[in-house]
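We just call them A, B, C, D, E and F in the order they show up, numbering each chain from 1.
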């Protein structure tokens, strides 16, 4: 039963992304949105955790929140997929349930 | 000009305590209150940061917030001083200004 | 797919209510059903008709009201959370002896059971919060 | 010592307003002057008379009102923040065409300049927030 | 899908600093009337919610921690506490409230509600639930 | 104490996720009328507030980042950005808005407002201020 984990906080300010990754089983997905999108940037203190988890977990980031914050897609960690709100909705369809890590 | 730094967030959830300590000059004080009081407990993943900073910085914790959370004073890091609200007020008198780290 | 959406933060202070609005719109556009939007914690503050945000910013409360009226959405405000925070409809006004009310069109105040029942009825719960 | 106190969060959702109340009481008890309490961000939600918290919990809004009346406190609610969040007094009601108002006794709505002026006048600013 | 769903209440915040702990508990109490399969998990700062000896009298606010002890009467029997979260905070199960329920299948014997689980076990508990309510 | 105080606005939050960044800026703009000595510091996630290229159109909310470029006109000339915060986030000053002011003591020459400082330097800037407004 795949799960979509949602993360809406910056990994520098809160422990949300860490907690989501620690509790994400193989085959589940994580979407970063709101201030959570900073967790999708490469070359940062937190990027290795996302890259390291990527063999088991799929990572997504919400495009409209990236744009609001001036983050170009070229700055994203390789393998993180950008979705818009309709893609976010589709992820909640494709997974059996949603777990929010705030 | 000594400063009182206030920290009201748990060190596990937020970066407030870390930030306060990184910006506290010798002779300044830090008071932990609200969920910040968890930063005053010994034997934890964050206790070394407080102990390590203690030669330059004085640490205080708000008693009423400790009691609310069921933290006995025997569980505090050595050298952290417990104050009540009137002690908190006095700290804002004894220092020249207050900087809040939320 | 049938959704229940939980909104935990008030407008403007956190992005949560804007995110929930955008999610609900996208879900409706994709042909899904939004069975209920449940406002809890400070989320109850999405439902006051007393807001006057700057004209160059999104009017979050009116956007909820419009969305509800166009799509027949069930916008439920938790009564216990509303009482703590000062959201009042006509019934609450009378019950609690208030001299007015502030609930916006399209919202209704009801119990926490509406959230639990929504989770039982719906296929998915999506939470927007701090 | 002369204080200005800034309160950034609404009642109940965060401990900030309770902490501010306890601090203000202790400062007054110690003979200090509280020049102004300034409510900003979601802190403006401390000032609605529409709340009805459970009887076994602290009534935060009434506690502010009582404290203000007994100590002649200046409780100032930021107008820009209040407009975004639905806090209305008689003046704002008229200006923004609202059908009522919800401000509690002892609070007044005014501009951000009141915070800056408070910081200039006072010896200490103490911030309670999230 | 069966008529009864597995509800998991995922509690990650400390008490009193924010209202989430208390308003989560209010959902659990109301939700009990719906006779679903309910579990509570305490992880990250959520483990602080069930520390014993809480006394809010000096703050002047409501102490809601006694309510956790009543959960057994609401048929809440599965309370998971994450070991990694306890360890990082220097806590053991002895620091927590002694939460019990009466097992109707075992002649109403009083049993412990709290079960300490690893992060991996908690991940599976989340996986096994139908609805995750995060607070 | 002199008639003019040193005001330091300490910005530690990312924009849009919460309102603090924008409502901090509103205080700075209003405060300018009081002709105090004003500095802004961006530290921790606060450095994200002044990233260039912000575009909120797809979210449908107000983009307030152009306002930072107007700060020079409000006589805000000292904008400190913490190096450690930039480094941890993989950012350099090239990722930030190009904030300028006109120096009236130097024939209105256009100068950079942003100065990148270390955590130690920022600690001293905090120490040198009279009032610290934290957002």
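Quick note on the criterion: a residue touches a chain if its C-beta (ideal position, glycine included) is under 8 Å from a C-beta of that chain, and two chains touch if they have at least 3 such contacts.
For clarity, every value in this text was computed on a predicted model and none was experimentally measured.
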item: Any chain that touches subunit F and subunit C; value: A, D
item: Reference subunit E; chain at largest CA-centroid distance; value: F
item: Inter-chain pair with the most contacting C-beta pairs; value: C-D
item: Same or different residue numbers at the subunit C/subunit D copy interface, by half rule; value: same
item: Most widely separated chain from subunit B, with each centre as the mean of CA atoms; value: C
item: Distance from the mean Cα position of subunit F to that of subunit A, given in whole angstrom; value: 29
item: Centroid spacing, where centroids are CA-atom means, of subunit C and subunit D in whole angstrom; value: 25
item: Averaged-CA centre spacing for the pair subunit B and subunit A, given as whole angstrom; value: 33
item: Touching two or more other chains - residues of subunit F; value: 16-19, 44, 59, 61, 131-132, 134
item: Residue numbers of subunit B (touch at least two other chains); value: 8, 12-13, 15, 34-35, 64, 84, 97-98, 100, 102
item: Sequence positions of subunit D contacting 2 or more other chains; value: 12-13, 15, 22, 41, 54, 80, 84, 125, 127, 129
item: Pairs of chains satisfying the touch condition; value: A-B, A-C, A-E, A-F, B-D, B-E, B-F, C-D, C-E, C-F, D-E, D-F
item: Touching residues (chain side subunit B, partner subunit A) in the complex; value: 12-15
item: Footprint of subunit E on subunit A - complex, ascending; value: 1, 3, 15, 19, 22-25, 97-102
item: Interface residues, subunit F side, partner subunit B - complex; value: 10, 12, 43-44, 84, 119, 122-124, 126-132, 134
item: Of all residues in subunit F, those that touch subunit D in their complex; value: 5, 7, 19-20, 23, 26-27, 30-31, 33-34, 36, 131-134
item: Complex interface listing, subunit E residues touching subunit D; value: 16-19, 59-62
